[in-house]
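Consider the two complexes below, in which chain A is the common component and chain B and chain C are the respective partners.
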Partner chain A sequence: MRKVLEVSLETLAAIGGFVDIGDIVANSETGARFRMSLAWGGVLGVIGIVLYAEMSGRVATLSHRPVFDLVRERLGARVALVNLVASFFINFLTLTAEIAGVAVTLQLASGINYLAWIPLVALMVWFTMWRVKFSVMEKVYGLLGLALIVTVVAVFRLHEFHTIVREATNLHRPSTEDWPTYFYFAIALFGAAMTPYEVFFFSSGAVEEGWTRKDLMVNRANVYIGFPLGGALSLAIMAGAALLLAPRGISVDHLSQAAIPVTFVLGKLGLGILIFGMGIAFFGAALETGLSGGYIVSQFFGWQWEKFVKPVDAPRFHLVILVSVILAAAFGLTTVDPVKVTEYSIVLSAAALPLTYFPILIIANDPEYMGDKTNSKFSNALGFFYLVLLTAIAIATIPLMIITKAGA
Partner chain B sequence: MTDVAKRVIDAGLNLLDRQIIDKDGMMSGNVDDLELTVPEEGGPPVITAILAGPGALARRLGARSGAWLESLHVRLHPSEQPGPARIAFGVVKRVADHVEITVSRSDLDVSRFEKWVRKHVIGKIPGARA
Partner chain C sequence: MRKLLPVVALAVLPACVGPALWFDAYAGKAGATASDMRSTVETARFVALVAARGRALSPYVGVILTDAEQDASAIEGAFDSIQPPNPRADQLRGQLDELLSKASSTISEMRIAARRDQLTQLQQIAQPLAGISDQLETFAEAHTP
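Coming up: the complex of A and B.
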């Protein structure tokens, strides 16, 4: 019974922990501009992250080694360094966006400018990583993040479910947009669901919590149930924007505009719950990205990382985290637009992924590490398909960014 | 040692880039490179040491990033011409998922930067020892 409770708690936390600022921005923007015609991009991303998160969790559990350790071992020092630099940079952009995002939600709640909140948010993010136990931290923000279900409630209240499904299943490009822009936003949605930090955090977490074969069930429940339901929250945000913002020609340039659909349907109470949910979700993602930066650098160099040892026993790991948070706060304080930072981070995400996912796929097939838990033929076929897709996206992203002027 | 001697291991795959774990189970760097010595009496070269840390990694990276890391290592190291940090291969206890050694990481030359960060930065923040 305790086990069942634990699994359901973790799975619920996985739903709330899935959404971050990238998902909110990408889904509101595309909903407002493309209605539901790009829903497939998000669905494709969620399937991809489910596939590779499960694989990385299984690999970490059986080999006791997190993803970036394996990246270094299989790709060698030089290629792994290229991956480290790219992943760390994108992760840093995401960290900046999440910290600034929390500050914006505080501005929406208090009326005090978000720039004044950034130092305080950064301090809280750092302090949580410094002091709070991993398992507690992960569950608290995951469960509180469930407040975002308010977006689903709002969509159901509109009673337009058939419109959403019809538009989402009918692949077409709105006549007001051209093909490059259409695909650029598809990449944004895809990248928002598949941000690199997710597998770094997930696999390092599995090692931190000392997962064994018995925990593989928890791994599957989290990923197969938690992630798709988290993805459903993102789709609800897109649907809200498609139904209420698109017809009025409102585009999403600020986080407050992403809150319009819920406010319209559910009033002030709905808005309050949504702002709370967004703040928690961004805060949780700031923790995940902050830790991920420390994880990947430490794992590349072989430094002691893990959160469950005292900070003095993992000083370089904590140094990376501290410096990242300070720099992210400083970057946020330059008045750089949080929404723009988010857009760049998610679009570049997909491009950085092949060098991380390739070693996972290889190790997941190695019986020396995995014993009888190697990939099924189905996972391999799908895994290979995603690797090809990600490589194609990696090549297409920068040219598309230039042609479309970053989706302008 | 016998454990190591009995098994055939591929140095490139089973040793290089692996995590080093000290006698207390702490992570103590990666196997960044290996020191090979040709025995005086002839025969194939044998592994005499694990080379770890930036000094060893720089030579693996090569090119500009390697040269940059090498100069950083030389500049920050107290001795005039520091080579890469060595861990004699005799202290290797087991080669499995990780490379386990029989000494503490605090006795290793590769832990120099870690000690500095502990003493001057992280150790000074309240709560670092809890």
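Coming up: the complex of A and C.
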């Protein structure tokens, strides 16, 4: 019974912890511009993250080594250093966007400019990473993030389910958009779902919590149930924008606009719950990205990195986190647009994915590490398909960014 | 540092407003500007509707209208900074500028009312935006390539 409760809690936390500012921005923007015609991009991303997060969790559990440790071993120090620089930069952009995102939700609730909130949010993010236990942090923010279910409720209250399904299953490009822009936004949705920090955090978390073979069930429940249901929240955000913003010609340039559909349908209570849910989701993601930055740098250089050891025993790990948070807050305070930072971070994420996911696929097939838990033929076929797709996306992203003027 | 310059240039490029050397290019930019402003106008109208029904929190309405006001001002400023290439373009500029200016000032009035917690008056203040939105849509359709 206790195990069932634990698995249920972990799964619920995975649902609530899945959505971050990238998902909200990408899904709102595409819903408003492309209605549901790009839903496949998000679905493809969710299947990809399910596949590779399960692999990385399994690899970390059985090898007791997190992903970036293995990236360095398999790719060699030089290529891994390229991956480290790219991943750390994208992680930094995401951390900036999440901290600024929390500040914007506080602005929506209070009316006080978000710039005034950034230092306080950064302090709270750092303090939580410094003091709060990993397991408590992960569960509390994941569970509170379930408030975002309000987006699903709003869509159901619109009674347009048949329209959503029809549009989502009818693959087409709106006549107002060209193909490069269509694919640029598909990549944005894909990148928002498959951000590298998720596997860095997930696999490092498996080592932090000392997962054993018995915990593989928790791993599977997390990714097979939690992630797709988290992805459903993202699709609900897209659907709300498609049903209420697209017909009015409203394009989403601010987080405040992403909240209009829920506000229109559910009123003040719905808006309050949504603002709370978004704030918690962004805060949780700020913790994940902040920790991920510390994890990957420490794992690359072979420093002590676990959160369960005292900070004095992992000083360089905590220093990387502290400096990252300070720099992210400083970048946010330059008045850089949080939505633009988010857009760049998710699209660049998509470009950097192969370097992270390739080593996972290799290790997941190595019986020396995995024993009898190597990939099935189906996982390998799907994993290989995604690797080819990720490589194609990595090649296409920057040219598409230039051609479309970043989706303008 | 030199190696980084192309990367920085690529990142900054999408934010730049390029020059319009001939009428068609100018008209295309005018059409895109009208479309962007229409999105801002519709945001303001939709929020006014929600606020009038008592469904939105006051700080939220203030923030969204402040964002809309800043967007409107930025759109207007960006369009005005484009050099019209000939007298025909001057005429187009005048036509669109009038719409942009009306939209901007109406949204500013809405922001002032929202900050004073006069949410019920928003729809009345927003009334001119309906006509402006239609005109912006017609303009955008006529001039978007």
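Note that the second predicted complex is superposed on the first by the 408 of 408 C-alpha atoms of A that agree within 3 Å, B and C clash if a C-alpha of one lies under 4 Å from a C-alpha of the other, contacts with A are read in each partner's own complex, and residues count from 1 in each chain.
What we mean here is this: a contact is a pair of C-beta atoms (placed from the backbone, for glycine too) under 8 Å apart; a residue touches a chain by one contact, two chains touch by 3 or more.
Nothing here was measured: the structure is a model prediction, and the numbers come from that model.
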Clash-or-fit label for the pair chain B, chain C on chain A: fit
Which superposed partner A:Y344 touches (first chain B, second chain C, both, neither): second
Which of chain B and chain C A:A77 touches, first, second, both or neither: first
Which of chain B and chain C A:W179 touches, first, second, both or neither: neither
Which superposed partner A:S63 touches (first chain B, second chain C, both, neither): first
First, second, both or neither for A:R248, with chain B first and chain C second: second
C-alpha centroid angle, chain C to chain B via chain A, nearest 10°: 130
Partner chain(s) touched by A:G302 [first = chain B, second = chain C, both, neither]: first
Which superposed partner A:G111 touches (first chain B, second chain C, both, neither): second
Distance in angstrom between the closest Cα atoms of chain C and chain B, superposition on A: 12
Doubly contacted residues of chain A, that is, touched by chain B and again by chain C: none
In the complex, chain A residues that touch chain B: 63-65, 69, 72-73, 76-78, 80-81, 130-131, 298, 300-306, 309-313, 315-316, 318-319, 322, 369
Touch list for chain A against partner chain C, complex: 107-111, 244-245, 248-251, 253-254, 256-257, 259-260, 263-264, 267-268, 271-272, 275, 344, 398, 401-402, 405-406, 408
In the complex with chain A, residue positions of chain C that touch it: 10-11, 13-14, 35-36, 38-39, 42-43, 45-47, 49-50, 53-60, 62-64, 67, 71, 137
Of all residues in chain B, those that touch chain A in their complex: 17-20, 26-32, 52, 57, 60-62, 65, 97, 113-114, 117-118, 121-123, 125, 127-130
